[in-house]
């Protein structure tokens, strides 16, 4: 029961942080608050027992993401351009989507109930089978690396492609690069 | 940051620790939380700390950008290579059972190697991103 | 720093990293121990490539051992000054009189200077805000904290620990 | 509940109290440099008490060793970060409030 | 028995968050993020004991190490307007 309360509190803190991020116009302050958001979401994942996800969030959100935000801030201005125009169409769309989503809640099975569709199809097979078939204690690694090997391969390729994309956008051409090295030496 | 003596001394102490911790995460993904992805990010962040404190020029001397680029590709190659080896051994693509005599040992070996490939690619990509975003 | 010293520092780095691995791991199978050994060697090679070891002062992880007795003394100081700062915060009148003072540090190595600056920061009530050569600029929350630092007791203790024979 | 468990509970509660006191200090202090002093209460007393309490509770095993490592890392990195923050605030034209009498 | 401290830590998270939002100078915000990081490390450590599964400590360990990196990156960015300015080699004997 305590854990549920803790979850609720952390979710409230997340909402507060999100609103605060939205309100800031200084991009640097936004970056700071994004760091807090990532710390909070890692805590939330810990509370939900998603240890591996929390680990990823801890490693990526607190360290790399913040640094990359700062790196891109170096290319642009700090201040957000404020537009005071309120778009009626946008507001209506958002409200309608919100109503639809809230309506959709009725259909969602209860939180953590044993006969959820998620838990009745493959999870059984993974949980029972993995110790026999794969023999490593961490189920998440077994699923990611072995049962869903194709998925993970796809993810790795996505990361690799992202790196190539950034290089094509920001990387300097080879000649330039050589010149730089010589100048530094 | 040449005038930050304290930062530099602490960085010199802490960078090896971060690297070792990353490798620990890499190889204990079977037992606890962690695995290639997280380890790669942590490993890259130790290089990024070095780059931040001692300057990008020195980081470039330690690890050349073209080396990082090839190692990112090499990680993907390791992953796919395991799949091809399994095909050659008579199994399906990425079916690790055929890598060794017993199925379980084969799974162990396969998972360890592909996790290494994932870690290599992720770490290299993060360092590539840092190089790309850093102004020379 | 002679070649001999660099060799010594590498060995000490390897030992301390291996200890760290054993503390972290918790699984002592042959495969993981082998991987641990490889990791330690890899980290050592990268660190020496980063020239973390070869400049004048050691990163010498085992260097910490000299400072362990000092650490316990520091712990007591930290708790004492914490109580003092907490009392000031909880006092409705907020009796603080912040001031800047300048100190001399008598250590010779940059590691010991770092220890001094960080010890000053670690004790609440005083923060080292600039370290330039042997001059340390300190911001102190109260007169007592500043006076306590000016007696030079902490400085002397660190210099003594630094001067101990090689571990 | 054994005596050690009670002791560790007391230490942890004291630690979390001191964190709240530190944050109260952050709110009450008049300028940035004095706020740093209040924040260092959190980084030192709060961390030491809570992690030490947990170490007592865990007994001697891999968990307590990891907690000790966390404590050591925090005690190395947070004063460094505070020092760097103070230094860069000083260079960033933030004058510390002083009352030299 | 760890419930009370956990909720107190959540309260202090809220306080740190508010001080990050209302902080006047940018340094106040950085300080608040720093405090938030320490508090999160403590929260994760405590939560492991609360649920009798103290195996989350690796995450706390990551935070203890990585928080430092982001703070340093922020400060460097703030001083130089860039995260990776190359230092000029004028300090040979220093480090």
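When the chains are written out, they are named A, B, C, D and E in that same order, and each has its own residue count from 1.
As a convention for this text, a residue touches a chain if its C-beta (ideal position, glycine included) is under 8 Å from a C-beta of that chain, and two chains touch if they have at least 3 such contacts.
Quantities reported herein were computed from a predicted structural model and do not represent experimental measurements.
> Which chain has its C-alpha centre farthest away from the C-alpha centre of subunit C?
Of all the other chains, the one whose centre lies farthest from subunit C is A.
> Counting C-beta pairs in contact, which chain pair has more, C-D or A-B?
The comparison resolves to A-B.
> Measuring from the mean of all protein Cα atoms shown, which chain centre lies nearest?
Of the chains present, the most centrally placed is E.
> Measuring centre to centre with C-alpha atoms, which chain is farthest from subunit B?
Between subunit B and the rest, the longest centre separation is with D.
> How many angstrom lie between the centres of subunit B and subunit D, each centre taken as the mean Cα position?
Taking the average C-alpha coordinate of subunit B and of subunit D, the gap between them is 33 Å.
> How many angstrom lie between the CA centroids of subunit C and subunit E, rounded to a whole number?
Computed value for the inter-centroid distance: 19 Å.
> Compute the distance, rounded to whole Å, between the mean C-alpha positions of subunit D and subunit E.
11
> In angstrom, rounded to a whole number, how far apart do the mean CA points of subunit B and subunit C lie?
Distance between chain centres, rounded to whole Å: 30 Å.
> Tell me, which residues of subunit E touch at least two other chains?
Those would be 16, 30, 32, 55-56, 58-59, 61-62, 65-69, 72-73, 79, 82-84, 86, 94-95.
> Give the residues of subunit A touching no fewer than two other chains, as numbers and ranges.
Correct list: 51, 54-55, 59, 63, 67, 71, 74, 184.
> Give the residues of subunit D touching no fewer than two other chains, as numbers and ranges.
Correct list: 22, 24, 36, 66, 69, 73, 76-77, 80, 82-84, 87, 89.
> Which of the residues in subunit A come into contact with subunit B in the complex?
51-52, 54-56, 59-60, 63-64, 67-68, 71-72, 74, 133-138, 140-142, 144-146, 149-150, 152-153, 155-157, 159-160, 162-163, 166-167, 169-172, 177, 180-181, 184
> Within their complex, state which residues of subunit B touch subunit C.
Residues 3, 5-6, 9-10, 12-13, 15-17, 19-21, 23-24, 27-28, 31, 50, 54, 58, 62.
> So in the complex, which bits of subunit E are touching subunit B?
55-56, 58-59, 61-62, 65-66, 68-69, 72-73, 76, 79, 82-88, 90-91, 94-95
> Where on subunit B does subunit A make contact in their complex?
Of all residues in subunit B, those touching subunit A are 25, 29-35, 37-38, 41-42, 44-45, 48, 52, 57, 60, 65, 69, 72-73, 75-76, 79-80, 83, 94, 96, 103-104, 107-108, 110-111, 114-115, 117-118, 121-122, 124-126, 128-136.
> Using the touch rule from the top, collect the residues of subunit E that touch subunit D in their complex.
These residues of subunit E touch subunit D: 1-2, 4-5, 8-9, 11-12, 15-16, 19, 25, 27-28, 30-32, 34-35, 38-39, 41-42, 45-46, 49, 54, 57-58, 60-61, 64-65, 67-68, 71-72, 75, 78-79.
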